[in-house]
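Input: structures, listed below.
Common to both upcoming complexes is chain A, partnered first by chain B, then by chain C.
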Partner chain A sequence: MNVKEIVARCEALFEDLRFNAVQQWKAALPGRKAIGYMPVYVPHEIIHAAGFLPVGIFGGGDQIEVIQGDAYYQSYICRIPRSTVELGLSGRLDCLDGMLFPSVCDVIRNLSGMWQIMFKDKYVRYIDVPQNYDDAIGGTFYISEMQHLRDDLGALRGQPITDAELNASIAVYNENRKAIRDLYSYRAQKPWQAPTSEVYLLLRAGCVLPPEEHTPLVRAYIAAADVEKRARRDNARVVMTGSFCEQPPLGLIKSIEMSGCYVVDDEFMLAFRWLMDEVPADGNPLEELSKAFLHRSAQSASKYDDKKEDKGRYLLHQVKSRGAEGVIFAAPSFCDPALLERPMLQEVLAKQKIPYTAFKYAENTGQMAPIREQAGTFADSIKLWSAA
Partner chain B sequence: MIHTIGIDIGSGAVKTVLFRDNAWVAKRCERIRRRDPMELAKQGFDEVVAEAKLKPADVAYTATTGEGENVKFATGHFYSMTTHARGGIFLNPEARAVVDIGALNGRAIWVDERGKVLSYKMTSQCASGSGQFLENIARYLGVAVEEIGPLSRTSQNPEKVSSICAVLAETDVINMVSRGIPTADILKGIHLSMASRLAKLLKVTGITKGLALLTGGLALDEGLLAALREELVTEKITGLTATNHPDSIYAGAIGAALWGAFRHGKLKELQERAAA
Partner chain C sequence: MSTPTMQPQIAPKAKPQVLKEDAMWLQKEMINRNYHELATAHQDGRKVSATFVPGNLNELLMCFNFARSLPETNALQNGMRKKSGKMIMDAERDGHSEDVCTYVKADLGMMLQGQVGPTGEPLPHPDVLLLSYTGCFTFMKWFELIRQKYNCETVMLHVPYQGDGKVSPAMRDYVVKQLKEKVIPTLEKVSGVKFDIDRLRQYMRESVKAEENLVRVLQSAKNRPSPIDGYFGAVYYIGPIFTAFRGMPEATRYYDTLWSEVEQRIREKKGPVTPEGEMAEEKYRLVVEGPPNWTSFRDFWKMFYDEGAVIVASTYAKVGGVYDFGFRHDAERPLESLAEYCLGCYTNLNFPQRIDMICKYLDEYQADGLLINSIKSCNSFSAGQLLMLREVEKRTGKPAAFIESDLVDPRYFSAANIKNRLESYFQMIKQKRVAQAAAGVH
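Take a look at the complex of A and B:
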């Protein structure tokens, strides 16, 4: 497949809010189940080890009109829970047999309770994560959380999930994570060959495809993109941060690129890159997943920072390792974690003399001109006035 | 010898300039008139290259501005504010404010002597402060675009347009025509209304003295320039003097070409540093 074909396939999956790919996957074999998960991170391995399909639910984007969902939330709440409720109440998520709500913020936590009330026939679980990074304390807690999930999903399929199954799933996801790491490295190296609008769609495809199908697709894209003839532009290299939960519309990502920025790292679909290196697939699986979470996972505003000096460490790592020249803070309106974290991260960047700009969006933002103008002038200021 | 090209794709026209070592060599301005701006950009590029007796490969940096983000053969793109600021300083080194008034919007920019933007403010998306609006009104009134300025200057009793909304402002104008208001007074009234908004934009940027250079498609409208001078007095920004330049409409393209040359040098320096 060439780049155009791969991207077209990913875009079709991204736009399909009826989740036909999930329905088809389930229909292929009797007894198959699909479990949805909200951002930012859940241990996919446990869902996969049960033989189920993990399905990333990132709201309704700019393609659905929220009518029923608005009745459940005040006007000062972000849009993703409204559009997710809309997806659920309109029957679009009927293909899911359960939903997981990870610890992101109070809104998503409350959504898990609402889901239990609204969809009584579905499996629903709030996934709590440790705020202590000691293996004996936070690790024990997190292993217990994962064990609950493991037991529940085992019960759902009628057979406990074995260590061997979990280790096999860890190996599958190690391959997927490695492919995505390679994709991100490739984009940072040649951002004109792998535009973020395409990389984003590729990751979104991973929300509905099984990892065994997604990994080769990512690999195929890297190979195909590398032989594409694409012009290199004199653009500013930026890291985009703050978009770890509610996603910006695709048009916004395209607008930022069009405005003269190469996005060389981001927080989109962090679930796929949450664990930053290989998880041993031959040990105690839950212990290994816990260690990876506690010691080798990404940072985001939704994750507790144990020490003050850790604040902004991951963002600085993104900037430096990717050779970025500036940071764009793009957070959803009313996103408490991202917007409360922002001044602290900006302070870290200011100390390092790394330029930044900031704006807010909603998943259905339609007016791109002001954002384009802001990102464009930011890119200009980097290109013309930065010290480098 | 470094050759750079600046292409400014506006809402009404595509302007192309070619510079050799920061000296202006060639220029083209083509009204869009329902044609594809991307094709006009290519045409402008080919024409200035041919005029300078160059080959396309001799151009070190082609910079776009305005709506030129999608020009495939460009090396880089700069935003209008950045390019008008630099182009304004090139046309008049004394300018410390640049007022870019194009077909669809207007912006006031406070600049320093290097062309660096210190502060700016632009009109909202309402079109009544723009050149397109003025053109539409001129068409209703049966006045040629080039007659707008001279006619406006003959006005004795300008009738100010009350609304900032283009649709309502057009209704205002229709009412004025039916009330028998002379065309010159209607045009001067529109100029004053637009100038009032521009003066307010300038005020918000914080600049209080120096030369304010008009750039963009409406820069050579002498009626608008005169109205802006009046409104600067009304707004009590008497330290600012509004002026224009015969090549004001090329300011964006000029800025793009000059910033392109600057970037070319900077990138070369970075490459050399990396190689060392």
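Take a look at the complex of A and C:
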């Protein structure tokens, strides 16, 4: 497949809010089940080990008219819960047999209970992740949380999930994470060959495709992108941060790129990159997943920084390792975690003299001109700065 | 969190005299003394702790001789004194988003203005931030922000959420382990005081006495007329126990006094005391969900007592502990009990639990309906309240109403809108009564 075909496939998956791909996957074999999860992170491996399909639910984007969902939320609450409720109430999520709500913020936390009330026939679980990073404390708790999920999903399929199954799934996801790491490195090296609007769609495809299908698709994209003839522009290299939950519309990502920025790292669909390296696939699986979470995972606003010095470390690493020249803070409106985190990260950047700019969006933001203008001015200032 | 402890305000001369009960004067004294202790803590060689109301481990902090500050309380006190508006704007000018919780911004704004506390005395920078992370994610960011600015030692106590409506042994063990291996060693290090579990036990025994009386006071609203207001009045009643006083003999004394005052009101079949005197006739009995607005607290309350509406129960009065469903600090299992306390605070309950609780209140307190005061700042309380409203209506058949305001940001209190809403709500209750009477239902 060439780039155009791969991207077209991913785009079709992204636009399909009826989740036909999930329905087809389920229909292919009797007894198959699909479990939805919300941002930021859940251990996919456990769902996969049960033989189920993990399905990332990242809101309704700008393609869905929210009618019923608005009746559940005040105007000062972000948009992702209302469009997710809309997806649920309009029957678009009927293909899911369950939903997982990770501990990200109070909105998603409360949505877990709302889901229990609104969708009584579905499996619903709030996934707490530890904010204490000692193996004997946070680790023990996290393992018990994962064990709970493992038992529940085992019960759902009528057979416990074995260690061997979990280890096999860890191996599958190691491959997927590696492919995505390679994709991110490739984009950082040649952002003109792998624009973020395409990289983004590839990640979104991973929300509905099984990893066995997603990993080769990512690999195929890298190979196909590399042989494309694409013009290299004198763009500013930026990291985009703050978009770990409610997603910006695709048009916004394109606008940033068109305004003269190469996005060389980001926080989109962080779940795929949350665990930053290989998880051993031959040990005690839950212990290994726990260790990877506690000691080798990404930072985001929903995670506590144990020490003051840890604040911004991940962002600085993104900037430095990707050779970025600036940071764009793009946070959803009314997103407490992202917006409260922002001034702390900005202070860290200011100390390092790394330029930044900031704006807010909603998943259905339609007016791109102001954002394009702001990003364009930012890119120009970076270029002027580096020329000086 | 939206938090209690207010000082009785002295009304300006031109206005009618504000009426206060003895317990209120006691409380005023306690609060003033606490602010003074904070102001002089460092010169007296004491260390200062800061922590939050939900999951407030006051007994534990006392074991280390800390002077104890509660930033939410400072914010609300500043809100009541009409100082928070400027603080919030200062914080916004300093780079904080207009979208985020205004308690955080009021606190940061106060620091920017030189850290003068609500009583006019300086508030010292805390020596330790006990990030007891119960029921709200914003707490975590709040203390990270303070740590970033003032370099305070910070210790996290992660309290898992009751996602499936119960406290599992793993959740409790996790909190206990953190207390043993993280929180206590950090508090020992910062204070230089060795932990003594018997001292903790002693404080916890004292806590129980106050807790018993608090529950009696809150449940007195089951009487007709209710001798208390379970929301506007209760924010005073929960003050000492939710903040720096639980476990102290002063708190026990306060609740003894309060309970005897309330008992007498029950005997005399009196209604609640409002800032303008005794409420004449009880016309409506309501349950309220959500914190109050502090910047126009008196005007807000007046909208109710002028109409003869009394709040018989509120969820807000449970943010710092759900004592009326049986929880008591247990000196026999001190750390486990502290863990259970943190795990059980109202905003750490899941949605079905919160709805059950409200339905129970509507039933047990024979309330006419539910009013939700939805707070712009507070996702922890507010996200999902519209579903709550529908569910409660569906389950109880009682009318529910929805108003919106904010805790300490005066820009989000629209008196006219709220008054209109309330008037139509009272109308609705009246009509419902007429219809029920006609149908022979009661």
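Just so it is clear, the second predicted complex is superposed on the first by the 385 of 388 C-alpha atoms of A that agree within 3 Å, B and C clash if a C-alpha of one lies under 4 Å from a C-alpha of the other, contacts with A are read in each partner's own complex, and residues count from 1 in each chain.
Here, contacts are C-beta pairs under 8 Å (C-beta built on N, C-alpha and C of every residue); 3 or more make two chains touch, one makes a residue touch a chain.
For clarity, every value in this text was computed on a predicted model and none was experimentally measured.
J.: Mind checking the superposed model to see whether chain B and chain C fit together on chain A or clash?
T.: When both complexes are placed onto chain A, chain B and chain C end up side by side without any clash.
J.: Check the residue A:R233 against both partner chains and state whether it touches chain B (first), chain C (second), both, or neither.
T.: After superposing on A, A:R233 lies in contact with chain B but is clear of chain C.
J.: A:G260 contacts which: chain B (first), chain C (second), both, neither?
T.: Only chain B is touched by A:G260; chain C is not.
J.: Of chain B and chain C, which one contacts the greater number of residues in chain A?
T.: Of the two chains, more chain A residues are contacted by C.
J.: Which partner does A:E373 contact after superposing on A: first (chain B), second (chain C), both, neither?
T.: After superposing on A, A:E373 lies in contact with chain B but is clear of chain C.
J.: A:L384 in the overlay: touching chain B, chain C, both, or neither? Say first, second, both or neither.
T.: In the superposed model, A:L384 contacts chain B only, not chain C.
J.: Nearest 10 degrees is fine: what angle do the Cα centroids of chain B and chain C make about that of chain A?
T.: It works out to roughly 100 degrees.
J.: Check the residue A:I137 against both partner chains and state whether it touches chain B (first), chain C (second), both, or neither.
T.: A:I137: touches chain C, not chain B.
J.: Once you lay one complex on the other using chain A, what is the shortest C-alpha distance from chain B to chain C, in Å?
T.: Nearest C-alpha pair, chain B versus chain C: 18 Å apart.
J.: Considering the complex alone, what residue numbers of chain B touch chain A?
T.: For this pair, the touching residues of chain B are 61, 69-70, 72-79, 81-82, 116-117, 125, 259, 262-263, 266-267, 270.
J.: What residues on chain C touch chain A, complex-wise?
T.: Checking each residue of chain C against chain A gives 94-97, 99-101, 104, 131, 133, 136-138, 140-142, 144-145, 147-148, 151, 154, 156, 158, 160-161, 163-164, 168, 170-171, 173-174, 177-178, 181-182, 350-355, 374, 376, 379-380, 382-387, 391, 404.
J.: Mind pulling up the chain A residues that touch chain B in the complex?
T.: So the residues of chain A touching chain B come out as 231, 233-235, 258-260, 369, 372-373, 376-377, 379-380, 383-385, 388.
J.: Which chain A residues qualify as touching chain C in the complex?
T.: Against chain C, chain A makes touches at 71-74, 76-77, 81, 101, 103-107, 109-114, 116-118, 125-128, 130-132, 134, 136-138, 140-141, 144-145, 148, 301-302, 304-306, 308, 311, 331, 333-337, 339-344, 346-347, 360.
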